[in-house]
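Listed below are the structures to be examined.
Each of the next two complexes has chain A plus one more chain, namely chain B in the first and chain C in the second.
Take a look at the complex of A and B:
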């Protein structure tokens, strides 16, 4: 494959990752949210594969496989299991209406581009342009987290932020050292397991996953 | 001068082609939908018979209508045909000199405007309801459509539709950019919304709760109904041609040789039929959305188009 086609594939996958982030904002069912997260993670894995092929470094291949297996399969399955287990209403109930959130997120993309531009100007990596997209995905993740009420959708928002950071790490530095990446993957996995348990307990105590109830907790 | 003459001849030919093809495409969509429902379905040339029948019938109308109601079918068909003069179909020689993509988009807006005016003019409750719904949908569709085509204008560096397809078709894959796919997806949603296809409207319904487009042409009969129907069918083919030639123009004739033109005709027929099949499959596999859920889907399309423009600058 020649270099130009490869750059095209890398940019296309980055655009697709951004697209899935927007699709997640537009969903109003938790199952859809989990499924789109899985698709996003698989696209992220494919992105890592393309970068690994471009740079020829072995450890990015390992990271790509780990991404697809852990974030594309294991974590979504676990989240699905938890959602099925706690019989809550499956709607996401955003605080801001979906059309408005989509427009706000489009604004966030512009902010991300504005923020990332000085860094892009000085970089020479093939993936430098995807830095703006990774910042945008992180910002959209934050937005998802503050506008959703249910604990479950907030967990997914956290994972979206993590995906954004991962994308950023690959795009500016061609990935962190393998040992750091593996540490992060392990952290994410454990964090999701623990948060799943927390969601379970929240649901048991309050009979809902709505986190606004937890603000009333005082000594 | 002869160049202009050539452009004129070809654009007239292409307009006639689209007009003649429109009922066939509708027939294909209906046939495929019938197959999905395990019916035999009417023949694919049935829409031609329907049109011929309607043209021979007299029309009756409410006594309160004004001149707007009478001229609306002619304005609609006329605007669609003028717009199709500027849209490439099987060759990139069109009358691009008289208007670019903005003219085309707003000629289509004029069709919508006169259709809603005519529906309001009859004073029937259905007409008013249909118009208000149509306007709600088109308020989001119009900027989406413009942004989606603007993305292609950015990529190819021109706003004239035939030049967009010429540049893309002759440069090959070098101009393919991620924003092309985002814009194409956004435009496809516009295609479904503007032509009253299923997630937005049901073209086969006369149930007052759900109809949008049908409510607007409800008062027409005979010849004016035939013209109204022909205008909206041609509009569907026009949108399919825009989708095929602005976003994926490969195969279109870029030079005036017999071989290229035959190739172009085959390519565009294939692409339009493919789009018709996709529409039929979507219509058979989805239910119509609730009216108040429509802004969600349309805003997704708008954001897609906006992302197309943004990612052109980012990537």
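Take a look at the complex of A and C:
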């Protein structure tokens, strides 16, 4: 594959990841959210593969495989299992309506391009668009976190933010040292497991997964 | 040299042992033995580092700053484990918790300890991030330990807010790595602190500035700096009291340690940038804490807001900089850890006696529990910066740094906030300690096992405050020497 086609693939995948973030904002059912997250993670893995091929560095291949296996398969399966196990209503129930959410997220993408502008001015072709996209995905993740007040959707929002940061890490620096990456994967996995356990507990104590009920602690 | 591995293996071994041990007493004994041994080994390593310079091999790096932190962590941990014998033992006797919870408490404390120790001994900033995230994960169970609705809420808030903060810090680390890539290439040593420090002036300043902002906000969330502090009062008030002490005295300092490593590198590359941020966050935290301390209703939350205040003071000290500012900040870090530990133990004794966290329902502690009451009062005087306790020395040093830098506005605000906090804090505590005893509370102090660590902690801050012993000042001076502008 020639270089131009390859950068085309890389940019295309990055754009696809941004698209999945938008799709997640538009979902109103919990298992749709998990499924789209899985697709996003697999796209991120494919992106890592393309960058690994482009740069020829071996350790990015490892990251790509880990991303697909853990974030694309294991974590979504676990989330799906948790959602099935907790028999609650499976709607997302956003605080901000979906059309307005989409509009606001479009604004966030513009903010991301504006923020990333000074950094990418001197960068090379591959990373130029992807850094802005990664910032956009992180911001959309934050938006999901703020406007979707259920324990499960908060976990997914956190994972979307993590995906955005990974995209940034791969595009600016072609990945971090392998030992660090593996540590991060381990943490993400444990974090999801623990949060899943707490989601069970929240469900037991409050009989809902809606975290807006948790307003007892204040001054 | 395998001493650093030993420091990490001991808590791990104790955690594994806790999993299998069948009785209350054996669990307590193994935790005490393990933590005691840990403290001794950390002390030996610390003395070695102070005499012979930093130790560095494979993934580890222990310099004077790490040794300082190791001392605080292991000492406070030992105090907490001793106190837990009384506090958690009491809960167990009252059947508030069963043996499964009792065991998991000791197990999680050791894992929590392990992650915090890992934070201060690793050289690679990426691994440090992994460890700091690990501290959140390990302590979340301890925050939600009582499995009540409020503690589940506090634990969930803690998990989500701190994970978000830490995610931002990860972005900061990615950018730090990016700032070094032109100098070092994509080598795996590029995130090692020692490497980064040696090439700090050549790093890309655009990336590094952005990175430091993200680190400050990200790790600052865990430090409890305003306005990212919202998890802190909830977690501190809902956790069992020994855990509140561990969170406030050690975890906050550990997260601050994370900021300091980046602070040093950023200051070497772009002088003046990181210090300004530290000043702003410091003053903001103090101001916010002052407001909430005045309005406090729950005494554990009062102590939590006081922790936010002290993290603000420490941040201010590093922000003002110079030898005297850094000296003050380090003394403050140490003294706050000791004093806050003492206060949370006192709060724990009161909670178990009065069964309420509301300050309005606690009166006459001094006549119900004379020793606890007296210690609480002295601890309150110490934490608000009265002489002759060691926090006074730290606070005066920071004030002096402000005046000698001709930062009169900052110094004025700092002083005013300290006075307000002193008045409000002492008002609340003295109402609790004196006054007509709450009805229905039987007299009788907590057992000696809970009072001994409190007396020991009070002794330390008193000795340092009165005599300022030379080994202590030597240690602080050596630690300050690591910071740019921190040499005398």
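Note that in this section the second predicted complex is superposed on the first by the 215 of 219 C-alpha atoms of A that agree within 3 Å, B and C clash if a C-alpha of one lies under 4 Å from a C-alpha of the other, contacts with A are read in each partner's own complex, and residues count from 1 in each chain.
The rule we apply is simple: contacts are C-beta pairs under 8 Å (C-beta built on N, C-alpha and C of every residue); 3 or more make two chains touch, one makes a residue touch a chain.
As the structure is a prediction and not an experimental result, all values here were calculated from the model.
Because the two structures share chain A, they can be overlaid on it, and in that overlay chain B and chain C fit beside each other without clashing. In the superposition on chain A, A:57 makes contact with chain C only, while chain B stays out of contact range. Using the contact criterion defined above for the overlaid structures, shared-chain residue A:160 touches neither chain B nor chain C, since it reaches no partner.
In the overlay built on the shared chain, the residue A:191 is in contact with chain C alone; chain B does not reach it. In the superposed model, A:202 makes contact with chain C only, not with chain B. Shared-chain residue A:183: touches chain C; no touch with chain B. Of the two partner chains placed around the shared chain by superposition, chain C is the only one that A:119 touches, whereas chain B remains out of contact.
In the superposed pair of complexes, A:99 makes contact with chain B only, with no contact to chain C.
In the superposed model, C is the one of chain B and chain C that contacts more residues of chain A.
Contacts of A:140 after superposition on the shared chain: neither chain B nor chain C is touched.
After superposing both complexes on chain A, the closest C-alpha pair between chain B and chain C lies 20 Å apart.
Contacts of chain A with chain B, set against its contacts with chain C after fitting on chain A, share not one residue. Here chain A touches chain C in the complex through residues 57, 118-119, 138, 142, 145, 151, 154, 158, 161-162, 165, 168-169, 172-180, 183-184, 186-187, 190-191, 194-195, 198, 201-202, 205-206, 211, 214, 216-217, 219, going by the rule given at the top. Of all residues in chain A, those touching chain B in their complex are 4, 8, 11-12, 14-16, 18-19, 22-23, 26, 98-99, 102-103, 105-106, 109-110, 113, 129-130, 132-133.
Touching chain A in their complex are the following residues of chain B: 174, 176-179, 181-182, 295-296, 298-300, 302-304, 306-307, 310-311, 313-315. Interface residues of chain C, counted against chain A in their complex, comprise 124, 126-127, 129-130, 133-134, 137, 140-141, 144, 147-150, 152-157, 159-160, 163-164, 167, 170-171, 173-175, 177-178, 181, 186, 188, 190-191, 206-207, 210, 233-234, 237-238, 292, 295-297, 301.
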